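So, here's a batch of structures to check.
Two complexes are shown next, each including chain A; its partner changes from chain B in the first to chain C in the second.
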Partner chain A sequence: MKEQITVRQTACFCAISLLALKLIALPSLLFEKSSSSGLVVAIVMFVADFLMLFLFLKIKQKYPDCSLYEIIEKFLGKITAKILYLFIFTFFTFKLCMLINEGLSYMQDVVDEDCSLVVFLLTYLPVITALCYGGLKSCARTCEFGFVFILIGFIICLFLSEVSLGFGEIGSLFVEDANNIINACFDLNFWFSDFLFVAILADKIKIEKNMKRKIFSYVIFITFLLMILYFVYFRLFRVTAFLHKTAIADVTEYNRNIGNSGNIDIVSILVYLFVIYFQGSLYMNCLKICYNKIFGYNNIYHFLIATNGVLIFLTYFVFYNIQKITGFVLLYFKYFGVLLWIIIPFIYILLLIFDKEKKYDKKYKKISKKI
Partner chain B sequence: MEIVEKIKMQINNNPDVLVRDFIISNKKISLIFLKSTIDKMLLVQSIISPLIDYKGEVTLDNLKNKVLKVIEIEKIKEKDFVKNVIRNKVLLFVEGESDALCLDVEFFPTRQPAEPPTSPTIQGPREGFTESVKTTIALIRKQLPTKHLIIKNFFVGELTHTQISIFYLDNLADKKLIKDVEKKIKKINTDAILDSHYLINYLSNRPNSLFEQFGMTEKPDIVTAKILEGRVAIAVDGSPIVITIPFMIMEDLQNSNDYYTNAHYTSFIRFIRALGIIMATVVPGVYLSFRLYHYKVVPLKYILTINATTQNLPFTPFIELLFILILFQMLYEVSLRLPRYLGLATSIVGALVLGDTGVQAGLISSPGIIVIALSLISMYTVPNQAPQLTILRFVFLIIGGTLGLFGIVGAMVYFVNYLNTMNEFNTPNLAPYAPRIKNDLKDGLTRKPISKMKTRPKVIKNIDEHRGLDVDK
Partner chain C sequence: MIKNIKKYLKKFEKSFALSYFFIIMIIFLPTAITMPSLSFRGAIITAIGIDKVEDEVEFSVLTLSDISKDNMGENTKVVSGKNSTVANAISSIESQIGRRLKMGHVGYVIVSQSFATEDIASVLNTLTITTKLPNSVSLIMSRDSAKDVLSQASKLEQSSMYKLREIIQNEFNVNYTKDTSLNNFLKGYFSATKTSTLVYLKLDKDASTGINSSPETDGASNENESNQSQQTKTNNVISLQREHAVFVDGKLKYILSVDEMKGINWIVENNLQQLLTITGVNEQGLNNASLSFEVQQNIIKPNVAFRNNKPIITFELSLKLNPVEIIQQTKQMKSPKDIVITEELNNKINDTIKKEVALTLNKLRKEKTDVVGIYKILYSNNHKKFNEFLESLNDKTDFLSFVKINMKVDAKIFAS
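What follows is the complex of A and B.
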């Protein structure tokens, strides 16, 4: 039976994806690359992400039963589709490595300074492997179940931080010129581009009424909260922002003992830990799909052994700390952005404009009407 | 009579097999039955007396139609003789006829319906099922006097021939669900079904699972409410527990009392129960992980307090908590198994002597005892989940002691996912929250007034969604 996930579950995945790599290192990187204009970079990248998501959902409406692979295979051939998926497989593997490294760095800085990479991997990999083994449907349900707690926790963190600071000015946002802002966007695109999974899972998303509206309401709300976090972070740390590498924890820790609430950093710790587990399981599921498409067979055990092996190798021997992987990603992965931000959207736009085959569209409308 | 002797031999001539012969109108009549399982008064009044008084022609048909005052009476062939005797029926033979009459005057010692000890109510009905399936049927019939109530009987167990009855409303329950349940019951191949819990192992796709996958209750009002939602109920003779299918974990947070009190209070209490589950499971593990690894996140005042009480302990925090937990678990088992007065004595010894003296002697710490006691008390906010929560508490304690908070969060995610992979009878275990079903949230962690619940739960496939339907239409 085909595993299908609901629109709400997709929206939860989107929201969690937005949070995963943006709560820890990104704010300091934004400041490092373009000081106060980091907020502008974030806004530009969020808008670009939204456009990409909009494009993916539009294509989903036009071709409800096709994922990115089927679409590329149909128009550009099987080999091109497999090569593209190989790139995407690499992309998700690095995203997962980054998540592991950011998670470990966070654990060591905030939760347990003695936490080693081995203990981290021993805890993290079995859980995300189990979530992947259980299937996309149960994984999506788990994320849906946990999302409420994440959202409440995140709002508590932000609310208490903001209340303690009071509403003040951040200063000029445009301290850097446009060229620098574009360069920063180019360098940091790896930390964005979170909605690629929608194109990979497109054929597994159930068609429901108001799909775009539902997903965008979640995404915009979470983006709004993230912008509040960045705003608080920049206002709080100003010129020393680049030194604070664990944004969410630093913001909440700095503002402890607000309104007799005591330490609220435990809330941020729980929020972040849940987020990285859910996001890791989403990446694993995407990797599984890519693996199946590239190699053309569905043996889950082979996939899990291979992926865990690759992840252990990469994180233990190659990118054994956050600085290593951040340096590598900043140096090389910005070029990968070309594929993601230009080639895939370009193909999708062409399909939307020139592919006059309307039958998929009609089918979608028919189903939507029924619902 | 030769056939009677043959039957007696076939059932090993047990001492409770009784044969009673009469001569009526020059014809020999024999009764054979198990004297331990019949109502002797009824036997005399409705079978023996009418036979002795009868003066007419003696044939099986005449006796069946004109003489015997028994409600259930049936003419049976030779192949069914032994089977019916061992199923507590009285067989009546007439000289010269090859068939027999099978008469039902069965009687077992049973208790009266009383308030079940597992789910007492404050303001609701106090009836509970008994071990007799006939009582179960009667109590459900009383609550659901409709032609749509279907009761089907199955006999399972090569040696026990246990009666299993399934109940559903034919205008509500999903046909596929009924077919699935019947198929699974018919497939059971075993010597004995002694209780509902035996049956669960055969109905489940994952009998080895840690978590419950079936609703279980002793109360007719709960079973009726569930049947009215389109569920199927299963009663097993010999067990006061009735199984309901399909089941969601949310049902264990609900209690029959909830529907007989204020909706706001119910919602509040359900939150407390949910909190109870979390506390019962993770509190010892979290406390241990904070003490061992994450003291930075604990406010300084608490650290100082804990430190003052634990600094001279001879054991590591992990061994200390494990020791207290095992001790409490032993005391719990003892208090359950022993007679009440002895149980009380052991509780005093356990709580006062072991606990208090242990702290004074500096072997265990008071925060450790408080944490474990809190966890154990919280468990009984949801008593149906007590076995699972007990195991999970140990698991989380070990994880907290080895992998810290990161491990505890990971285990929580893993167990929630595990619950989500269990889709017994195609029903998501964590509904209405995962997947979120807006309509069913009316009776989820919060409850709306009953008058606002106009539709049945959508997660359970049923034929008619609206509660307002006239079931006799």
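What follows is the complex of A and C.
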């Protein structure tokens, strides 16, 4: 029987994906790239992400039983679908490498400065591998359970950071040229485009009533919390953003009023650990699907050994610290990310506009009305 | 052969978690057992002092000792190292105590006035990046040697329940108008005006006010003890002044006196328990009286306008005051609680505030430093017009002289 996840689980995945790469290095990069307009860049990118998610859900409505692969295969052929999936496989591998590096950097900054990559990999890879091995359904159930803790912890982090600040003026946000804002969006696209997994897992998402509304309510709420975090970060650090590479910890630690009351960064540590483990498992599951589609067979052992090997090689020998991978992404990989941002929505928009044929069964037609 | 491997793999798969746990144990347990504890590898630092001694940097740290004590105070020790660079000075301390310095618990950093005349921002910036010094630490400038202040702080912590760290924290929470944390200092340093301020601290041997760091001695103390106490009597009163040291481009430029600081309170919305004294009050049955109010709430709203390419800022102050004291020559029994704010009294408050602001602004204009954030207010309000205004000036650093500042006060009695 086909593995299926519920809409609520999909919404949890979406929310966790939104958080994963945006809590550590991104705020610093946002304000480094476009100074006071960092918040504007974040808003623009979130809106772009929402549009992408909307498009994916619209396609899900039209082709309820097809994932991105089937759709591309149907209209552009098998080879194109395989090439696109190879691109996506590379994209997710890099995202996972970034997640590992951000996680390690965070651990070194907040938990133990002597924490080595080996120790981190030994504690991280087996867990996400096990979550992937257990299947998408079990991974989604675990995420659904853990999401509550993430949400509560994240709100506590924001509360801890905001207590001493109050809501004062933040100054002008639109002082940068539009060109600078567009350039920053272009440079930082890798840290966004989080909903690509929805296109990959589209055929595995159960059809339920009010699907779009449910998913968007989660996504918008988390985005709202993220904007509060960025707002606080901006008020606190502004020109010194380049010194604060672990946003969620720095923002929580900064509170001078409750700074003497003990180690409160444990909250941000737990939140971040939950997020990176769940997100890592989601990436692994997406990689598994991509691997199956590209090579056409379902041997989980081969996949797990190969992926772990590639990840260990990349993180240990090529991108052994966060500066290295951030530099590579900002210099070269941003083009790759943009390519995916353009190709997939472009194909989907064309399908929505020009594919008037009823290629799906009557029963799907009934179901799709529910969404 | 392959069948056998598959069989073993299947067995391994069944007990994967347990097997992994044992593998981790085998790899890490011996290392973990033989490794010395964290307290033996690292020294917990609670405060830092930086001095300049004979063209070298003297880096002093207040380390927390893990040896138990009889009394309640913290057992701390001052250790210092001297070298031409901070990194070498730190390394020298590490070799003296045989442990690595752990900066995560640092509460405050003291910079001596002799060192502050140099670019301290670059040193502090390096410290933040290389030693992971928290950015929320309080930054203080001391008139005297930072090492001496640390010694006094250590004595104070050992002999009493008071800690310099908490005193500073309290000053920030209650009295100081500006956040003088390391992060705020660096924010000022990297900002357009390159201006930052620091709390100013003195060690006074003859000061009548301040906190005495030497332990209290009783009458039974012997001659030796009293001789020792005579020796340590020098520099043993820590006196926190409400003065601020102003830094431009990371270097000390001048010191703002207590009177000159007062005006900042009416422009920067941060102060909490500030006092406002109005003199020459002749109403409500008072004759040439001085009235003191505690400011309970101070909401400041800056309104910006540009006229003839010149900025005008009107600060609208909404004050909630609590009358605390009446002083007058003639005998008059009147409780401060009976005071009401009439239009005349409101005007007097407005005049007093105007005077205090004018005194501050004169100093700031003279020194060409924007401590109060006028640049930020104007830039945030209309950055295009403000840039045009700056372009029209010969000396952009003197922009404050061309900004007209008005005050409009609306005072009310605080209803507790």
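The rule is short, and it goes like this: the second predicted complex is superposed on the first by the 351 of 371 C-alpha atoms of A that agree within 3 Å, B and C clash if a C-alpha of one lies under 4 Å from a C-alpha of the other, contacts with A are read in each partner's own complex, and residues count from 1 in each chain.
Throughout what follows, a residue touches a chain if its C-beta (ideal position, glycine included) is under 8 Å from a C-beta of that chain, and two chains touch if they have at least 3 such contacts.
Keep in mind that this is a model prediction, so the values were computed, not measured.
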Should the pairing of chain B and chain C on chain A count as a clash or a fit in the superposition?
fit
Between the C-alpha centres of chain B and chain C, what angle is subtended at chain A's, in steps of 10°?
100
Touch test for A:A130: chain B only (first), chain C only (second), both, or neither?
both
Given the touch rule stated above, what does A:S138 touch, chain B (first), chain C (second), both, or neither?
first
Contacts for A:N298 in the overlay, against chain B (first) and chain C (second): which applies, first, second, both or neither?
neither
Just checking: does A:F278 make contact with chain B only, chain C only, both, or neither of them? Give me first, second, both or neither.
first
Thinking of the overlay built on chain A, is A:N210 touched by chain B (first), by chain C (second), by both, or by neither?
neither
Compare chain B and chain C by how many residues of chain A each one touches, and report the one with more.
B
Which of chain B and chain C A:Q9 touches, first, second, both or neither:
first
Touching partner for A:L122 - first (chain B), second (chain C), both, neither
both
Is A:Q323 contacted by the first partner chain B, the second partner chain C, both or neither?
neither
So, does A:T80 touch the first partner chain B, the second partner chain C, both, or neither?
neither
With chain A overlaid, the minimum CA to CA distance between chain B and chain C in angstrom is 6
Jot down the residues of chain A that show up as touching in both complexes, chain B in one and chain C in the other.
119, 122, 126, 130
Residues on chain C engaged by chain A in the complex (per definition of touch)
9, 16-17, 20, 24, 27-28, 125, 128-129, 132, 134-136, 165-166, 169, 172-173, 179, 181, 183, 186-187, 190-191, 269, 376, 379-381, 383
Provide the residue numbers of chain A that touch chain C in the complex, in ascending order.
109, 113, 119, 122, 126, 130, 168-169, 171-172, 175, 236-240, 243-244, 250, 253-257, 259-260, 301
The chain A residues in contact with chain B across the complex are 6, 8-9, 107, 110-112, 114-115, 119-120, 122-124, 126-127, 130-131, 134-135, 137-139, 141-142, 144-146, 148, 262-263, 265-266, 269-270, 273-274, 277-278, 281
Listed in rising order, chain B residues that touch chain A in their complex are 293-294, 296-299, 403-407, 409-411, 413-414, 416-418, 420-421, 428, 430, 433-436
